[in-house]
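Okay, so subunit A shows up in both of these, paired with subunit B first and subunit C after.
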Partner chain A sequence: MQYLILTLAAMIVLLPENGWADIVVIVNPDSSIVKLSRRQIIDIYMGRNPGLESGQKIQPLDQPINSAVRAEFYRKLTGKPVSAINAYWARLLFTGRAFPPLLVEDNKAMLNTVLKNPNTVGYLESQYLTERVKVVYKLEKNE
Partner chain B sequence: MNNQLHLHVTRIVTLSAILFAMIASTTFLFYTHTVQKNIMEKSIEQLFIAVESTAEIAAYLSNEELALEVVESLSKNDIVSSVVFTNTSDLEITSDHKISDPGGVLFFPLYNPFDAFEQVGGIQIQPNQQLLNQYVRSSALEQVFILLALILVVAALVLTLMRRVLTTPIQSIAANLHKIKPGEAGQLVCPSGHENNEIGNLVTDINKLLTSVCTTIDQERKLRNHVENMEKHFRLIFERASAGIFLLDNNFYLTSSNRAFQKIAGIMEKERRENKKNIYLPDLFFDPNAVQDLLRDILKTSRQIACDLRLGGTISGEERWLHCLFSTVQGSQEETMIEGLVIDVTERTFQMERILFESEHDPLTQLFNRRAGMQLLNIMMTAARKNNDLLVLMLIDLDGFKEVNDNFGHDAGDTVLVEIANRMQATIRKEDILIRMGGDEFIIAFTVKSFNRDEIDQFVNKLQNRFRTEIRLDNDQCVTMGSSIGISIYPSDGDNIETLIANADSAMYQSKRKGKNCASYYLAA
Partner chain C sequence: MRKTTSCRCILLLILLCNQHIHAFDLGTERLRLSGFGTLGVTSAGKEKFGLQKDFIHDAQFGGVSVLTDSVFGLQLDMNLFQDLSMTVQAVAEDRARQNFNNIVDWAYLSYRPTPSTIVRAGRMGIDLFMLSEYRNVGYAYLWTHPVVEFYKPISLSHYEGFDFKYGRRFEPGFFEFKVYGGQTGSDIKISNGELALRMRPFVGANASLESDNWKVRLTYATTNTSRLDTPFQSLLNTLNQIPQTAWPQAASLRNSLTGKDKQTHYYSIGLAYDDSQWTVQSEFAMMTSKWISLDMTNGYLSVGRRFGPVTLYTVGSYAKSGKRLRIDPTQITVSGLDSLASTTQLLADASHTDQNTISLGARWDFYPRMALKAQWDHTWVRKNGGGLLLLKEPLDQAITLNTFSLNLNFVF
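The block that comes next holds the complex of A and B.
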């Protein structure tokens, strides 16, 4: 029994922090976008025109298909499991008119891609955040 | 018997069932329509649910291809006639078949797949009305057919059952009842299987009634026979009675009478029949007024009266006398009638008269005998006393009668007496009294207003002259008779008959002493 309690305590302490961190939505520093609403972020990531004032076209960037951060992102954003999001895109794919977000390799690649392209929107775990990018929305850890 | 019960009931049941079926079918038509419409709408809703998420995505993204796919997949169903897809970005996809009638169109809103509160579009689906109608019609027809079949079966069943359970037994009962004549002993037989139901009760009750009717009619018949017999007897008594029987109304007209009365009263049958009402009873009698008064008296006093009355007519010259018994009876209409019973007593009356005559008269001379003579003299004296008249009494004794008797025999004496009596009878007046006192002694009495000796002498002379005429006897011999007469007069010679006779007797002896064949007045000593 004591062993069980100790094991649980150790697990809590030793668990990797990334699953539990905040996720931030970022844009290029040169982007005109200052702030995005959750709705706008959903529209952007789900392939719908977010109806921004500038009217510019925005390219969303996605973390790897099976990454924990991606699952966490969509869960926190839409309240749906990542499998539902995958099915959503699978359904749309054959129409030929819809394009899912571009995939990047990891948080670092995400950061770099956003930094290189001013019309992109990405997301990453807050510990990978640098001051070179603009945070336009923050998905809280406990959300 | 055209309108047989089972046909009648079957007709009613069938017509009612058809009416009910029509109402039920109409109601069912509406009901089926509603039900089928609901089913169709439910199906459409389920169809929509199947494509809902795709449609939502199409609306969310304004994805035409996806929307088209949704519309097509919906319109492929035969229950859907047309589909319109719209979204907030003015995308509109319509099926080949346009919505014609806005009524009955179902609208399903489409929401943002990621925000259940944001409506991003909608789908209008029009159900296939024709198909619905077809469903409803066929369903209703099916129902009607089932109902009709049911009605036919029920009607046939009712017909058969009614016939077997009700009509046939009732017909058999009615036929049997028809055969039974009133008053004949006959009983109905209950159709088998119905002993314990209403038909059985009916048969039992009818049988009771039949029995009681039979008994009543039988009693009635016996009573009638009895009454008829009695009537016959009474009629016989009435018709054949030797006594005459009749009934009078209160005006004394004959209302009915028997043959005996008609015969006695001398009413011809024919006459009676022709003028039945017009025979007035008092007219039949010798003294109609007296009879009328008598009848009035009976009517007034209700007394029963028996009397002898003389009939009006005579038969072969003879007087006819009836002994009548009258009494009142109450007629049928509160009127008092008189019934009468009469016996022809003509024979009897004559017999009675003869007896009376014989008791009062001397059988030989037919003159009053001493006893009756005394009564008559007393009556005459009473009348004379009352009227202040004189009564002349003559005592007559024949002279030499004893010699006739002795010489010629008693028969000759009798002949002389009869002849003398006849001569005296011829001499006196009708109201005078002539008595044979006994032997050869007679009395003549009469009343006069005043004493007149000449008249009396004249009478005596006449009498004695007649005596002096020869009397022829049977043996052709002749005799002449003298007479000694004594006369006494009331009131001077006595105020009673006995005294007068005694005094006349002494006067008569005086005449005998004088030398016979003369008359002497009594002279008081």
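The block that comes next holds the complex of A and C.
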């Protein structure tokens, strides 16, 4: 019983306040991208630019449309609810301006897709991070 | 049986469009099918005063209709080569004139020579307003339908031609500049019957600056009415034959009521603000033309407040034509022209607009890519100001109209 109480107490202390770990933005280890600014990530994920200043084209990847991590990613990145982001992307798609990021199935699929494709940018919860990919930005849990 | 097959086809389309990547190696995405739709129920209009959300639609003279707001669209994007793609969009909705030419809303080639520039050629969406290229996509905007006072006067959905767009980040935001040219037109329904409108050349430019929460947009466009098949051409011909001495005003009346070969200029400014709680949008426009039907100012202000997945909003809008044409009977020097004069006055009044609307509504984003909306519009139309209505009799007194709409919007 004592162990159980201690374990529960430890879990409460260790859990992030909002229940979220950090979300990290990742690229392929062979990518020439070393770091991205918050502004660049917003432009990439809001369909404003298909490439970097260097001319390198980037394919952004998104988590499942109804996933909590996707909602949290856009909330932290843009400050807007995911419903506003979905409506924004409908505007871009149906005005022929840009295609939404490609959807992957989950955090593991995100990791594997980024590993297989050097021109992709993705994001995942930090507990799924491995040393095989490069972290180019971190959205802190308290943002 | 047919219904079941249609349902299966729609389900298959939705499944195709929502597929996640299963193979981790992306390769090149060649084909993409997307769609949008609105299932709407609308109560609008009165027995003698029909309400249209757009001149291309049939009007609703009271009662409840599922046709007023309902629309379904499919968009196919194809990557032909690197940087070259093709887009086709077909839209099914209630129209005054249904034909293949009107159903194909877009069909264009798009070439991106640099990351910042796009050149397109073919049939493309009219880009005059904040909503102009997506006014059929109800999910993409807040209201149950585009603001009638602002969007209805320009009932053009596409043009054939080219556009060139340049966009890049210039702090404090993302800047876009676009120029375009071509020809446009539409088959519309007005109080006097159907009207075929063709405009050429149609040229314009717009510029926008978008930051995280703000967007400001400026638009200018100009066009010449190159063809106009009107149901009242015989009246205009009769006015043309009246001698100056018999009715000095006849020539100027004919000139004001004739659309053909008239140049129209359109100027607008739009401002939008969107943060985690508030969503505000406003646009004001001015159209100038020697054709009285296209001489107008209009605008709206929309304010919405999010409460979780629900957004409550209100909209105030107005549209007002330029000076109303008034026939001066004392100028008529010969007898027998009274009937012609009163018919001319009715025609002038049928295209004169003076109305405003207050709307209250709610949008509920109950599921990703789906929204349910409800809206009430209360419209005041001034005496002889029913240019945005379909009139079965002259509007010789001010009226009010109530419109209730309930929509399910989705994209896939």
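The rule is simple: the second predicted complex is superposed on the first by the 120 of 143 C-alpha atoms of A that agree within 3 Å, B and C clash if a C-alpha of one lies under 4 Å from a C-alpha of the other, contacts with A are read in each partner's own complex, and residues count from 1 in each chain.
What we mean here is this: a contact is a pair of C-beta atoms (placed from the backbone, for glycine too) under 8 Å apart; a residue touches a chain by one contact, two chains touch by 3 or more.
This one's a predicted model, so the numbers in the text were calculated from it and none came from an experiment.
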| item | value |
| --- | --- |
| Partners on subunit A (subunit B, subunit C) - clash or fit | clash |
| Which partner, subunit B or subunit C, touches more subunit A residues | C |
| Which superposed partner A:116 touches (first subunit B, second subunit C, both, neither) | second |
| Partner chain in contact with A:91 - subunit B first, subunit C second, else both or neither | both |
| Contacts of A:48 with subunit B and subunit C, given as first, second, both or neither | both |
| Which of subunit B and subunit C A:103 touches, first, second, both or neither | second |
| Partner chain(s) touched by A:59 [first = subunit B, second = subunit C, both, neither] | second |
| Touching partner for A:80 - first (subunit B), second (subunit C), both, neither | both |
| Colliding region between subunit C and subunit B, picked from 26-34, 80-88 or 260-268 after the shared-chain fit | 80-88 |
| On subunit A, the residue positions that both subunit B and subunit C contact, one per complex | 39, 42, 48, 78-80, 91, 95-96 |
| Subunit B residues touching subunit A - in the complex, by the definition given at the top | 54, 57, 60-61, 63-66, 113-115 |
| Complex interface listing, subunit A residues touching subunit C | 39, 42-43, 48-51, 55, 57, 59, 61, 64-66, 75, 78-84, 86-87, 90-91, 93-96, 99, 102-105, 109, 112-113, 115-117, 120 |
| Sites on subunit C touched by subunit A in the complex | 18, 20-22, 24-26, 29, 32, 34, 36, 73, 75, 77, 87, 89, 106, 108, 110, 112, 114-116, 120, 124-125, 133-134, 136-137, 139-141, 167-169, 174, 210, 212-213, 274-276, 279, 306, 309, 365, 367-369, 371, 411 |
| Of subunit A, residues touching subunit B in the complex | 39, 42, 46-48, 78-80, 88, 91-92, 95-98 |
